[in-house]
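Each structure below appears as structure tokens.
The two complexes that follow have subunit A in common; it is paired with subunit B in the first and with subunit C in the second.
Then we have the complex of A and B:
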């Protein structure tokens, strides 16, 4: 099967997946007790039942569930994600600006995680069994164990006390001011990267250990190639396949982790937006965010699969 | 100074300089040398949802609206009604006709002059069913509104309504009628008030920037050039932002963070205004479910719990034991020494339970949400305090949206939570305690209380109303009402050391920044 056929077949498979996700996203938020009118009015407003009925009608929540789903799904097929019930703003606008933040956060976290994991994992594998390996594995275990919210809060406090110039709570988009943007994003990205770095480090170590024992590496060394060239060009490249797979699978985890990090660091990303939406029962917002994020995860995993052929030319899709 | 000797010229010059210094040093309205200018950045817990006070129900929109709009009257820091857009008013002897005389020359943010017609239009819009304002029901007694001239508005009520001025102060905000019409009533993200600040920009989920209104009708105010509401949801982050000077003002409600804020104060990076809130924490019952349909059981639990312990553990000792009306409403609240059940008495509780037919206790659930962390902890403390009576309380941990839903449909045995005193005892009590009241989730019904509430609402004499509300408070606490009142919390308003002139005004705390400035 050629690359094009492979891509088409994968894309066709996404339709039933996305349909299922849309139904699940719609039902889960609607089946939670409480609705936007109740949450909006809380427990202190003096309203009449007639006013409540009017508000239910305004927000469209008095219609049967199937009708609400059909309206929303029909609009999504036309590219219209609807309007946030709470703010009245188009979901596309809210999600667009939030995705930029979460996208940047996720990308920075992946880059940082790779910068930490690849050298450490390689070192650990090369020094297999030694003190360096043991320390590396211990550090990765600690990194995996530390809760994100705890680490984030600790970093905020530490920085505000000892590195105040790094402390910032006013988000600035990257293209408005790259320096200011990175000043804001470095801490949350590092917080999010830590857990992923630990996983990648262990995967890199395991994959490298497997590759380092292969005959072709012995041949490369026998041919007089420098050790660094053997490691970087031959060993690491072959070890990257499982690492890449993990990154693809971890994108979903990163987006979930971003929920916590965005709330701790006050970043206006998708995570914060969806948590607010759930708390406020903002149905169109939550449904659309879950749907779009799921679609993005599917797309990213497709891209990861396509990268295999680039990394290992022997791979053919079938 | 031509013709004066050199000595006399020096004396005159000295007197002029001294006089100028004295004039500059004379305190302004707020008792400090107000310095104009600067940007005040406020740490907000969440983004505002709307700039339309008519439909505002969330906690984040109100602070912004405090700075954008005015009403006919407002409350001062002693919860007394004082002039706002109306410079004076009269109330007819029957208490049904209110005549307000407006200030002249007040301008909206678009530069147009405010008239009585704009006030009438704002009130009509609030009452219009098409607006779907949750606050419209407070104005159902308004029977007629007229504007004999551009600076007079007359509001007639169908019956006397004692808290009417407090209701106006709390719920009516005046906008330009033309502006509302132009925007077809959609004022979610636009405004045209008369307030000290006007909207400059709004980045959703990030910040709202307001700029000084150069035409504000109070001379010399406001002082800041710009006010920014910066969204920082996390309390820990707001403490950090205060420490680094990125924000200069923030409110802290969760007492767990008070020590951290105090540390920032000790480091000389902030100062704190520590105020008593007008909300009270409570433990409420569904009086339609056994055993809470029996007032003796409710009274027994009131004797059984130790409010001081709840304040210490749940409120971090940052508050005061309170009745239905908190000490913040000092002119209305009875001292807690008047309440017999406030002295914990397990023997008395056991006796009452036996009388009610529950000598060995009973089981029930307490609905509590982590959205209200202090009240969740209170539920845990209450659970322990009731155990010696053989009462087994199970805590039903409930997500906030579910909590509200169950509260609305009355699907609970009991719950811990907060209630608001608003700014008048009628607003605190009527809807929550009158038979059929819209926030009477307890489904409580007591004809005596109903009669007292109706009488107090209709009375216009403060002394008469006070006497009636005293009776109500005593009956609700001493005779087994639907709620056990526990405590009122302190709030901390933390601000930069050089921010002066902030005055705490209950339920409109950000109005207290209008006279503030950087020193």
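Then we have the complex of A and C:
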């Protein structure tokens, strides 16, 4: 299969999944007891049945479910995600600014995780076996066992007691004041990074062990290259591919983690927006967020797959 | 939160099934020496025993009822009559943690049991019959798996409302595709085995072949994932409770206890430290045991 055919077939396979998630996002929200109009009116009793009927037709609730879905899906295709019930703002506006925060948080977490995982994973592969190995396994499994929100809570507690100047949590956008922004983002990013670092460390270790046994490394050493150079230039570079793939596969996990972390640190990201939306029963908002975030995760996975096929041509033939 | 479950490393067809079989013939004595060589696994096993023990024996260990109020001992520091202190309503934290372990465990085990049954069943049918059934089932699974787990759980909990059964159900739905994919891959390789062909030629029906031959022989890859899946399920439940979408109060899960304690963490830190420790250690036990189990089957991850 050539590159072009692979890309096309991979793209085509994405559409049924996108359709599927749109149906799931739509249905879960529409199966919640009570429709939008009832939620909006709450306990108000000064509304006549005619007015309710009028509202129902404005929001399209009087139509059959499949027609409501078709209208919504059509609007989404035109980039119109509707309006938030509580703020009256377009969902695209709310989501746009929230996605920037979540994106930055996720990116910082990936960078932090790599900074921790690459040296540790390489070290434990080179000094493999024995006590160091067991400690590495113990620590990485422990890191994966700590609930992110508890870790975040403990970090806030610790910082407010011992490093008070770090404990300001009023969000500032990166482009307004990068230093202040990073100062606020560092703790949430570290919280989110821990689990990923544990996964990446083990992946780095496994990939390095795999590469270290390869012939070309023996050749490199036989040529008399210094071992640090062999390690950095020949081994680590080749071991990076599976590590990067794992990052791609973990995007969904990271976004899920970000939802929780944002709520711990009250960052105005997507996770905070969706939980607020649920608390305020702002269902159009929740429905669009669920769909957009799932779609983004799918698209990122698609990109990772395509990059991977580009880097490693063997993929296309399997 | 699917950090540990690596369905992606399992190839679509053909699994190294002899990994487990090779060890099985060693018998119980062999298993014991294997355990001795795996101190960490043993440690994980002990943690699990304590966790399960605390959950199952909780009602007999509790010195107080988890929901009895002691208005004269509100927010007491650990010690004396209340080894782990009391909360803002004067309830004994130790008893509440014990009953929280019970709730977290029942959700973890219950949800994974349901998704295991559903996922294994669907995966086996898809892998065995192939064709349009396979395509249909697996595309639906693709859709479910496309959602970040927490986000799907949030959406489902909004729809279902917060009861113990609903939380377990939401988490079960998240795990169905993961088990289905693993089972399908395993069935695809097993159904080409000669004993399946032999059963077919003897005139056995599909149901008999599936239940007697294919499923038992394809089960190990999925069984080794159970422990890791339960640890994930417990963490997801905790995160849902934290976001206010978990089991409704007054039934406390470990995650619910943490959110109750959050407002008091600077002045009464024990309210967040003890439930968090219980949660982390329990999940750690499942992870240690689950990680070793997975090593048995996946030679690529095995330590050298």
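Side notes on the structure shown:
Operating definition for what follows: the second predicted complex is superposed on the first by the 261 of 318 C-alpha atoms of A that agree within 3 Å, B and C clash if a C-alpha of one lies under 4 Å from a C-alpha of the other, contacts with A are read in each partner's own complex, and residues count from 1 in each chain.
One rule holds in what follows: contacts are C-beta pairs under 8 Å (C-beta built on N, C-alpha and C of every residue); 3 or more make two chains touch, one makes a residue touch a chain.
Just so we're clear, the structure is a prediction, and the values are computed from it rather than from any experiment.
Shared-chain residue A:121: touches no atom of subunit B or subunit C. In the superposition on chain A, A:136 makes contact with neither subunit B nor subunit C.
Legend: residue contacts after superposition of the two complexes on their common chain; A:88 is shown touching subunit B, with no touch to subunit C. Looking at the shared chain after the overlay, A:171 reaches subunit B, while subunit C stays out of its contact range.
Shared-chain residue A:250: touches subunit C; no touch with subunit B. In the superposed pair of complexes, A:188 makes contact with neither subunit B nor subunit C. Of the two partner chains placed by superposition, only subunit C is touched by A:31; subunit B is not.
Once the two complexes are laid over each other on the shared chain, residue contacts for A:274 go to subunit C alone; subunit B is not touched. When both complexes are overlaid on chain A, the residue A:284 reaches neither subunit B nor subunit C. Under the contact criterion defined above, the residues of subunit A that touch both subunit B in one complex and subunit C in the other are 32, 153, 156-157, 160-161, 263-264, 278-279.
By the touch criterion given at the top, residues 32-35, 38-48, 51, 54-55, 58, 86-89, 93-94, 97-98, 153, 156-157, 159-161, 164, 167-171, 263-266, 268, 272-273, 276, 278-281 of subunit A touch subunit B in their complex. Interface residues of subunit C facing subunit A in the complex, by the touch rule stated above, are 1-4, 8, 39-40, 139-140, 142-144, 146-152, 154-156, 158-159, 231, 235, 238-239, 242-245, 255, 258, 262, 265-266, 269, 272-273, 276, 279-281, 283-284, 287-288, 291, 300-301, 303-304.
For subunit A in complex with subunit C, the residues that touch the partner chain are 16-17, 20-21, 23-25, 28-29, 31-32, 128-129, 133-134, 137-138, 141-142, 144-150, 153-154, 156-157, 160-161, 195-196, 198-199, 206, 209, 249-250, 252-253, 255-257, 259-260, 263-264, 274-275, 278-279, 286, 290, 293-294, 297-298. Note for the complex: subunit B touches subunit A at residues 43, 46, 49-50, 57-58, 129, 132, 134-138, 186, 188-189, 204-207, 230-234, 236-237, 239-241, 243-244, 246-247, 399-408, 417, 419-420, 431, 437-439, 441.
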